[in-house]
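Look at the two complexes coming up: chain A is in both, with chain B in one and chain C in the other.
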Partner chain A sequence: MRFSAGDSVRVRLDDPVHHTRVPRYLRGRRGVVAEYQGDYPLPDTVVLTNGADRTTQPLYGVRFRAEELWGPGQATTEGPFEVWVDLWESYLEPPGERS
Partner chain B sequence: MTGDHDHSGSAIAARVKRVEAAVIAAGLTTEAELDRVLEVLATKASPRNGARIVARAWVDSSFAEAVLADANAAIEELGLSMEAGPPVRLKAVANSESLHNLVVCTLCSCYPVGLLGPPPTWYKQPAYRSRAVREPRAVLAEFGTHLSQQTEIRVWDSSAETRYLVIPRRPEGSDGLDEDGLAVLVTRNGLIGTTVL
Partner chain C sequence: MGASVVRPQHRGVVVRINDVGGLQGFGPIEVDEPEEQFHYEWESRVFAMARTLRDSTGLTLDEFRDAIERMPPADYLNSSYYERWLTGLCTLLTERGLVSPEELA
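Take a look at the complex of A and B:
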């Protein structure tokens, strides 16, 4: 397992043409790992192989501040909020790295 | 502009029938398995299930702790499970004076159907799905839910293997009610987090 709760992470900038579970609004955004949820088949691979390859990967709940997603103004007008999203390990990288 | 926009019941039914035949022929499922899932959905999937979980959490603090720690295990006590659809993790998230939870699925319409019944149309539409993660307070206001600027909002985007259930705050003035009486107060939108009770 590459990450654990409390780690800062960045969502990779990948924009694959195939099925993926990275909501595009998270590409390149920094968040903090909230929890490890278990190991689950990576949907990208499952779909690409028509269900044949169900190799699992750690899945994490990751929290993102509104300011990080939408700019500093958004939390000012909206009030404080966070978005929590479940992301597979290969969708993430340490914040210093650039895929 | 003909076939693509024909949403008549018979066209959809014919399409479903063809898809069903194709997935059964491909060995992805069986008629018996489809019947079983549809039977469970038709007879058991209801927001009453979610309401029972919330009412139990309000009256039983050890259940409340258990359901927040491991919801799949805790709801068995009520005879409930996440078995209606594919096996998924259930996570209950509790509202408090300073925190409000809201559930969305920006990628499609993931939702704990067995505990909430079929999702409302707005839950599946792009407007809700795109705005809930960007301006949740404005979206909540349109549902008549006006939160103070101090309340932190946590939006849960169910993008993977976990389904989320909001445990709303117990309404004021409900002290005299028993568990069944409390369950009646819990609405579907309260379980999604678009309203407070």
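Take a look at the complex of A and C:
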């Protein structure tokens, strides 16, 4: 397992043409690993192999500050808000790296 | 629903118009809308067919999502939730040779 709770991570900038569970608004954004959810088949690979390859990898719940995603105006009123997204390990990199 | 509903999409580069998170201009989301499982009877049949396909062929949720994402953008945006399910089902059934396009016409 590459990451654990509390680690800062960055979502890879990849823009795959196939099915993936990374929403576009998260690409390149920084977040913090909230928890390890268990190992699950990587959806990208499942689809690319027509369901044949169900190799698992760690799935993490990752928290993103609203300002990191939508701009500084988000911190003002009722916040601070966060977006929590479940992301597979290969979607993530340490924040210092650029794939 | 027109004939486009049953047209299988190729697996190359497609738009995947489903990925609209963060895009503005779709209007407010009705968070207090009363929950209703099905709005029309045909929707429950689509739901049952999707479950049956999964249980009988080992179809994964990922493949089902992918089939829906491959819809032509205009069709996707003009379709309701279960119309998208039906389109995804038709795509997978024809791609796997379980149903012919003629049978769906």
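Definition applied: the second predicted complex is superposed on the first by the 97 of 99 C-alpha atoms of A that agree within 3 Å, B and C clash if a C-alpha of one lies under 4 Å from a C-alpha of the other, contacts with A are read in each partner's own complex, and residues count from 1 in each chain.
The definition used in the following text is that contacts are C-beta pairs under 8 Å (C-beta built on N, C-alpha and C of every residue); 3 or more make two chains touch, one makes a residue touch a chain.
Keep in mind the model is a prediction, meaning the values are calculated, not measured.
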Determine, for the superposed arrangement built on chain A, whether chain B and chain C clash or fit.
clash
Under the stated touch criterion, which partner chain does A:Gly38 make contact with: chain B (first), chain C (second), both, or neither?
first
In the superposed arrangement, which partner chain does A:Pro23 touch: chain B (first), chain C (second), both, or neither?
both
By the touch definition at the top of the document, which applies to A:Val46: first (chain B), second (chain C), both, or neither?
second
Please work out whether A:Phe81 is in contact with chain B alone, chain C alone, both, or neither, and reply first, second, both or neither.
first
After lining up the shared chain so the two structures overlap, which partner does A:Leu69 touch, if you call chain B first and chain C second: first, second, both or neither?
both
Looking only at chain A, is it chain B or chain C that touches more of its residues?
B
Residue by residue on chain A, keep only those touching chain B in one complex and chain C in the other, then list them.
23, 25, 43, 51, 69-70
What part of chain A is in contact with chain C in the complex they form?
17-19, 23-25, 41, 43, 46-47, 50-51, 54, 69-70
Show which residues of chain B lie in contact with chain A when the two form their complex.
28, 89, 106-107, 133-138, 147-162
In their shared complex, at which residues does chain A touch chain B?
21-23, 25, 37-38, 40, 43, 51, 59, 61, 69-70, 74, 78-88
In the complex formed with chain A, which residues of chain C make contact?
11-14, 16, 19, 21-22, 58-60, 62-63, 65-66, 69
